[in-house]
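As written, the chain order gives the labels A, B, C, D and E, with residue 1 at the start of each chain.
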Amino acid sequence: MDLGILFGFLGTWVLLGWALMAGGNVFAYVDVPSIILVLGASITVVFFCFPAGNVKRIISVGKKALFHKNRPVEQLIADLVSYAELARRDGILSLESAMADIDDPFVVRGIQMAVDGSDPELIESVLNSEVENTVERHEVGKALYDALGKYAPAFGMIGTLVGLVAMLSDLSDPSQIGAGMAVALLTTLYGAVVANAIALPVADRLALRSSEEVLYKTIVIKGVMSIQSGDNPRVVEQKLRTYLPPSKAAAEAKEAA
Amino acid sequence: MDLGILFGFLGTWVLLGWALMAGGNVFAYVDVPSIILVLGASITVVFFCFPAGNVKRIISVGKKALFHKNRPVEQLIADLVSYAELARRDGILSLESAMADIDDPFVVRGIQMAVDGSDPELIESVLNSEVENTVERHEVGKALYDALGKYAPAFGMIGTLVGLVAMLSDLSDPSQIGAGMAVALLTTLYGAVVANAIALPVADRLALRSSEEVLYKTIVIKGVMSIQSGDNPRVVEQKLRTYLPPSKAAAEAKEAA
Amino acid sequence: MDLGILFGFLGTWVLLGWALMAGGNVFAYVDVPSIILVLGASITVVFFCFPAGNVKRIISVGKKALFHKNRPVEQLIADLVSYAELARRDGILSLESAMADIDDPFVVRGIQMAVDGSDPELIESVLNSEVENTVERHEVGKALYDALGKYAPAFGMIGTLVGLVAMLSDLSDPSQIGAGMAVALLTTLYGAVVANAIALPVADRLALRSSEEVLYKTIVIKGVMSIQSGDNPRVVEQKLRTYLPPSKAAAEAKEAA
Amino acid sequence: MDLGILFGFLGTWVLLGWALMAGGNVFAYVDVPSIILVLGASITVVFFCFPAGNVKRIISVGKKALFHKNRPVEQLIADLVSYAELARRDGILSLESAMADIDDPFVVRGIQMAVDGSDPELIESVLNSEVENTVERHEVGKALYDALGKYAPAFGMIGTLVGLVAMLSDLSDPSQIGAGMAVALLTTLYGAVVANAIALPVADRLALRSSEEVLYKTIVIKGVMSIQSGDNPRVVEQKLRTYLPPSKAAAEAKEAA
Amino acid sequence: MDLGILFGFLGTWVLLGWALMAGGNVFAYVDVPSIILVLGASITVVFFCFPAGNVKRIISVGKKALFHKNRPVEQLIADLVSYAELARRDGILSLESAMADIDDPFVVRGIQMAVDGSDPELIESVLNSEVENTVERHEVGKALYDALGKYAPAFGMIGTLVGLVAMLSDLSDPSQIGAGMAVALLTTLYGAVVANAIALPVADRLALRSSEEVLYKTIVIKGVMSIQSGDNPRVVEQKLRTYLPPSKAAAEAKEAA
């Protein structure tokens, strides 16, 4: 898991908790019916918008997107280059035995197809369709968190209007006006927190994670295609190296120099 | 009907109703003139924006989009593969008798044209133009619900301004100020509820349903074209299987293993 | 004129008027200087944004877009097919005499060019450039009404700020505070009404009307090109029928069955 | 200069001024520190966003965009046709002497290149790159005014928050509360006026002016290319006439009839 | 460093500081917990959204984007033309010794590859991929500052809601109401200042800087390709001159005349 996310997530919530306690009375911020309304309606409305299957799948996608970490791209390239060397030296069938040690199922599937002697076009289309599926899955996940980030503040505002109307309808006890307004404002606060400290950052993260996965899988595809066509390992390395971000490429260039 | 939608729709409204009753006096939230203004003007303004024909057609489209459920894609593929087997074994004309058991008119139309020996290009263009029509119909439906989600809060705000001006023009009885403001806020509440608990979720749903329908119909078209060109049923299955989302494809792969 | 528009327009304004009268004192909502500010500045700022020629032309475009109604597409297709039959039977020159009965100048122009024996490519490019002009004219019209829908609420808010500052600068007579705020809010109300009950619905309508016109004129162009190339009337009908929306196409198919 | 702009600009500001005076005390709306904050910060932040060179160039671009008026397109076409006639009758070199009377440098440059016998492709690419430069210059200008229209209200709101905090921190003299809030609101008012009565209309205008310039220069390029290739003047006229908006084309067609 | 940025940045902050002091008591605007909440949560949430690596790299990118200044494009073109002359006169290998005086590593890399006799296509693809990397790096940087500009006001609003609830929950001492609201509003003020006086202008600047860099590097690539193919220096100059903005091109044309 990316330590930055842990820092980002915990840091945001610690600061929010600290801000609540700074007021002296943290219980003033807890109103169970308001929590049920905002959280509940934000979730039910998401079931209204999306097929139940998606909503369920999305939690796993979200968790995976936040906690799953691909191997560093440099290491992936090094591995693919070593497979290319092996295939060049001992024939492509020799990769069969090497596959037991690979734990990325996507790499395994690609190399298995190359070992099986499948048609290169078929390999590329099968692997590419998996990339498209990954992108679509991430887009569905992002759409769900974006919906949560849109509806949570909306139901927060609805809750506040409900509370204000209740308070204004009965002003007989002026000493209750302040407390009434405080409770009314809580739903707006909950909605803003759900949106800005959970839903929208996760949606942003999913967008980024999606392009990372695409980069990762694109490198695997190019590598497998190169291995299958029997490219020289140095050429494989050169081809894959062009996908590295510039800072890493520069660092490697320095080491090479 | 998708149970998730039922849960989402009822859950959202039960929570809203519960929130209103939590205030103790649910009648404080009912103001008939405000309801007429917000609901009425939201609907009339939609007639102002869209041709009456669309507005009428849209209710049926909306209902169909929410309640209609395509057969699962896996079953569709299995059916198309069985038709391909039949056509391979007994000749394409043998599908004539099988059609009585098919209840999806889109599949029937495609197979009928194949049985009639129509030109493949004609079949594809006729079926594709129906897909385009489906997309356009869903887009018109989504546009209408988006308009409702835009104008309902706007007329809610207009209603609140009307109420505030009325209240502020006559402050002679201070005890009425609270009640006046409460009533004024109700239209904003109604507008927000119409938008966020009806119009916008339906619009989101229609966008999704549209891409589901396109996927479904694309599979039908590919299947019919494959059947007509006399493809091997296993090839038909492979081609159609690439349209499955990855989780289902994986599940099937596991079963196959 | 589309009865739906009349219903939509009148319905919206009757509901607004009824809401104003519900307050008991409709004159509380009339403040002539506020009306002059919001309406006046919304109009002058549109002259600031757009060339005077456009602003003038737009009123006619807007009126035409709202009140002009093309013949139903089905009838247009029937007419074009009957011209194709006439041309097939008696030669294309026989359309010369038929043109006196056609009252759509776009159809007349197309058929006149076909009768004159103009080059097909020239006919298509001249008619297409007229379609592009139509689209551009509608886009300019929509841009103007969108501008009105953007600036009217903005000047409404400016008017309210002006009124609030005036009221707050002189609080010497507390009994005037309510009335002052009421008047200040009126400009916001006017701005919201101009935007949501006039400008934005007209802009939405123009967008739709534009695509209707494009559909209508595309059918005319395809029809004229078919007539000129001497297509069989049945083929002309089949070609043009593909432009019908699916519900109408289905209805016709049923009748045919 | 377009009279419509003058009417639009002056009309908007006269209405605003009249609204301020309607309150009886125009000085209530003048707070020099607030003006300095909103105007000053809106301008400095634009220097923060854009290179100083752009900011300087933009004022001239803005002025030119508002006050410069191209010759009417009809007259441009007539001129280009007359050059085509001259070139046809007396040879293209005869345009050399005619150029002294042309005051549009873009037309002069194009004809000079044609007279010099430059390669047609070179002429077209040089003139096209100038059109691209014009578009880019207008886009930079529009971006700057859009930025002004975005930051002026933002700093207006910041000013209001500063004023509200100052007022709320010291409520010892209740009679000053109204005056304090009035002054606080002034920055929001200034920001809204700068955005809606200056920056955004100018940005809208620049977008339109840009497409006008592109149309104008496109006609010049087509005309010069036609003259250079020795087209018949009537053909030149026909080609250029297709760029006229439909209302003008119709008017000319009527005159021709 | 661009003096305009310095003026823009300092000017904005001097005006803000002056506005705070104008209230008489600058300490009223300093509330350490509020600063920690808004600044802290805006930063932690950015770590939540973006990989820690990006967040770190971005500070350097941001600094470079604000302070780094490319040589003027005219001078770059003059340099490239002089290299072309040298290569033409003394052979391309003579550039080897000239490279010691070039301090732009991008130019050095391009010329080194040309001197090494690399394949032109390879040179172009290597340099182009560096341009793409530059663009992507700037886009990531802009995305981060845009996120800061989105979340800072959101957490400002959350802080204000927290403060309002605290104040409204305990109205026992009315003399504290004003001070409580003032403190509550401070977080909204901080959020608006972070967004509008730091994050959004930097994001705007990065967008511009990105297109400047692309222009600069595109000129280098075209120049290196021209030098490698042995183009006449005058031709090199003509080619590169087409990338100059029109005002500079015109100035040079005047000097040339």
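Heads up, the rule we're going with is that a contact is a pair of C-beta atoms (placed from the backbone, for glycine too) under 8 Å apart; a residue touches a chain by one contact, two chains touch by 3 or more.
Predicted model, so just to flag it, every value in this text is computed and none were measured.
Among the remaining chains, not one touches chain C and also chain D. Centroids built from CA atoms put chain E at 27 Å from chain D. Centre-to-centre, using mean CA coordinates, chain C is 44 Å away from chain E.
Of all residues in chain D, none touches 2 or more other chains. The touch graph of the protein chains shown is a ring with every node of degree two. All chains form one closed ring of contacts, and listing them from chain A in the direction of chain E gives A, E, D, C, B. On chain C, the positions that touch chain D within their shared complex are 33, 36-37, 40-41, 43-53, 55, 57, 125, 129-130, 133-134, 136-137, 147, 150-151, 154-155, 157-159, 161-171.
Considering their complex, residues 2-5, 7-12, 15-16, 18-20, 22-25, 28-29, 175, 177-179, 181-182, 185-186, 188-189, 192-193, 195-197, 200-201, 204-205, 208, 242, 245-247, 249 of chain E touch chain D.
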